[in-house]
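Have a look at these structures, which come just after this line.
After this come two complexes, each holding chain A, first together with chain B and then together with chain C.
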Partner chain A sequence: QGGGSAVIDMENMDDTSGSSFEDMGEMHQRMKEEEEEEVEGDAAAAEEEDGEFLGMKGLQGQLGRQVADQMWQVGKRQASRAFSLYANIDILRPYFDVEPIQVRARLLESMIPVKMINFPQKIAGELYGPLMLVFTLVAILLHGMKTSDTIIREGTLMGTAIGTCFGYWLGVSSFIYFLAYLCNAQITMVQMLSLLGYGLFGHCITLFVTYNIHFHSLFYIFWLGVGGLSTLRMVAVLVSRTVGHTQRLILCGTLAALHMLFLLYLHFAYHKVVEGILDTLEGPNMPPFQRVARDIPVVSNAVLNATAKAIALTL
Partner chain B sequence: FPGLTDVSISEDIPVEGEITVPVGSHSPDEDFSTLDEPVRDTIMRDLKAVGKKFVHVMYPKKSSALLRDWDLWGPLVLCVSLALMLQGGSADSRDDGGPQFAEVFVIIWFGAVVITLNSKLLGGTISFFQSLCVLGYCVLPLTVAMLVCRLVLLVGSGTISFIIRLVVVIAMFGWSTLASTAFLADSQPPNRKALVVYPIFLFYFVISWMILTFTPQ
Partner chain C sequence: LLAELGINFEHIWQKTLTVLNPLKPADGTIMNETDLTGPVVFCLALGASLLMAGKVHFGYVYGMSAIGCLAMHALLNLMSTSGVSHGCVASVLGYCLLPMVILSSSAVFFSLQGTLGTLLALFVIGWCSLSASKIFTSALAMEGQQLLIAYPCALLYGLFALLTVF
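Let's look at the complex of A and B:
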């Protein structure tokens, strides 16, 4: 009967190792295997004699084993319960429950400032659209460095791009949520994440266009127009949910400033990052494309000529 | 229930039996028998499975072989070979290429995990590792594109080579995306396919960008 049995064989517990807890794992391993008939039978016979010989020591060892066994079971149960509670991605499932039509509608709405700011505007607490927009922004930032001859350290740029975009989305959302808490605005964290995420749609469009057409004046037009529209929408929604002039001013001023400055930063700083690295390597032989980006632009013939030359060069 | 009023057992029927749970010797014999086969058989069986999946990726038909027995050998091999080929792409002599290998690796696996989580959250019926398996195997066309790009760059690095590389990379990118959507989109509710396809598109776009902007030392 020895083989194939699920009963704990008391004879198999020996007292030879120091830590009983570590042996629990081994013992469970052995209990799970259902073969080992003759081997266990022989060992059982041998150890039965040893157990009798050991006397009290053997008995204490067995008690220790039992306690350790119970601790193992309890610990395992608690760990698996905690795991299924916190690592359960079903917590996030309601925030991803969208249809493509809804996503498209919300993307378009994010560019249209609402007129009614006297009663609270509805914000959809959805995370799919914002998450995809952040990833798209990362992809656009990477695409902006696409000039094949002058890419250097693409690995570092990639990490920076991902860090910047996610840092902005999560960090500024948390900061504005904190300010909203101080200013008594009616908004939840998920709604704030969603609002700011959809506000990045304007950034995506602006950067996509201006990374392909390198006119600085065009960038400023897009910055004010597209960036301004999406900022206005976010500001209007927040204003509709806040009471009191000072609070509205603080909240919306901060959000507008951060949002517009981020777009400015993305356009200029990334040019500078590429240039800074190029400078240390190429010295004075830089093609005009990079020189254009360095200047704080006043629309001038020189800038236009240089950009036109750069476009001709890259084609 | 009149029949249950008397559930006592009469004294003369002995109650006996075995407390031990009889365990049939069904699987252990078959499982353990693979230990006895020569190593060559084991390796060849795994290699054949990987090879069959490669063929499924290159000619994406609606078969479930890729999904049913998933394995991560193919994705690992593809990811490592792609990361190795992308090394040495920096013109900076100080850069020993180490971070680049790690970056490619992390981006591929992190991106695949994010897409899998996204498709599960959108209500997909595919399991975590099955999705990782499909996404990893569909990197094969891009690895082929990388190989072609390297060969083209050996010949020359002017505008014509750039155009050739651009065309090849775009074609392979389209192939990868189509192949993976052929496998993954079926597991979604029909009106949400676009929501799942878009991140896959972004993921392969980033990998294609890495391949296209690769310039050898």
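Let's look at the complex of A and C:
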């Protein structure tokens, strides 16, 4: 190349074999070329079979149709391959192989803290119980929201309930699993999902009782008692599987805090609306409470104002 | 014409009787043919009786049955040794919706939001889920796991009951 050239020839730059970006680009290009060869090869083969029609129907129309057809086939094959790889539900089959007796025993055990923390406690890697408990929590939340006439402005009741419960189960399990990985605890992801899922049994009982019987003191007793027992059980199992005081403290402190705070949140997020409505009904000049469907915006102004005021006061 | 469409009134009546009597043992072969006429009729009847009670919830009924069928299909495939098809699951769940239609018809005459309504709703949920789990366990040969199948069915029918009661 000439000495006076102002163009920099990138091909002669230093060796960039360590750069993954270029390698990926190269690989991608090579894959695309292979694909195109395959497509052209198939198209050519099909073309040869239909060679005698080409002259009559027009070269471009026939060729275009063949190429489009081949592209569709290739795309479909790739999509089905990806689908069968990621959506293979049979991977989860062993985790659903349970008997009713086992599920009942595990539910009861989830409320009993273990005493032996010196050797690792066994955790059943099962997903049926936890999944059913999460769905039960969703149902209890929905029932609580319906009985307290909660109005969700952006979203739906069902979406909120499912998002909250599944978000907690999957999100907190992943987070604690990550912390467990940092703290060198002996626990797998499925075991963590199972442990936290069964820990929601206490939440289900507490919310089922306190959504129907509205006493604050009763809720606090259940929160400490029932919530505390299920948290203690989870903490004891984790302690038995972790070595080192600091690690145990970090892991178990985080889990206990998140678990107890979640129960507190679930109670108060859907409870204050009940208080608002109860206060409204006790006023002397209030019209009788009208039963309105959720998506009809015509509500009694007094009820609406009183509820908004109650919510603003509690916030 | 009905024979051509595959609508067999005798079979529909047999399956309806099986649902209405949850304590009688079910014949495992009745679900071999996937019949969606009965379920569709029952879903429309549910929507119509909700309409008579002043609630227009056809979309909710449709959405909840679709998602419920998908979820139950996934769960049953995971729990049973022999697989099950979407049509079979939809058929069974649709037939067992009949007691829910009875509940929502009674909602036309009196409000279900009191203690009596709650007890009636719980009874009907139990009835539906017992029938559905009985048919599933006999069709898929899953003895001993009837309670494990009844519970998710109860959750699904509980959602329908929430729709009916509130």
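The working rule: the second predicted complex is superposed on the first by the 177 of 315 C-alpha atoms of A that agree within 3 Å, B and C clash if a C-alpha of one lies under 4 Å from a C-alpha of the other, contacts with A are read in each partner's own complex, and residues count from 1 in each chain.
Methods note: a contact is a pair of C-beta atoms (placed from the backbone, for glycine too) under 8 Å apart; a residue touches a chain by one contact, two chains touch by 3 or more.
Predicted model only: the values in this text are computed from it and were never measured.
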Touched partner set for A:Gly159, first chain B, second chain C, both or neither: first
Chain C versus chain B, contacts on chain A by residue: B
Partner chain in contact with A:Phe135 - chain B first, chain C second, else both or neither: both
First, second, both or neither for A:Val98, with chain B first and chain C second: both
Shared contact residues on chain A - chain B and chain C: 89, 92-93, 96-100, 103, 128, 132, 135-136, 139, 142-143, 146
Residue ranges of chain B touching chain A (in the complex, touch as defined): 18-23, 25, 28, 89-92, 95, 99-100, 102-104, 107, 114, 117-118, 120-123, 162, 191-192, 194-195, 198-199, 202, 205-206, 209-210, 212-213, 215
Chain A residues touching chain C - in the complex, by the definition given at the top: 89, 92-93, 96-100, 103, 128, 132, 135-136, 139, 142-143, 146-147, 293
Partner chain B, residues of chain A touching it in the complex: 1, 4-7, 33-35, 89, 92-93, 95-100, 103, 128, 131-132, 135-136, 138-139, 142-143, 145-146, 148-149, 151-156, 158-159, 277, 281
Interfacial residue positions of chain C with respect to chain A in the complex: 55, 74-75, 77-79, 144-145, 147-148, 151-152, 155, 158-159, 162, 166
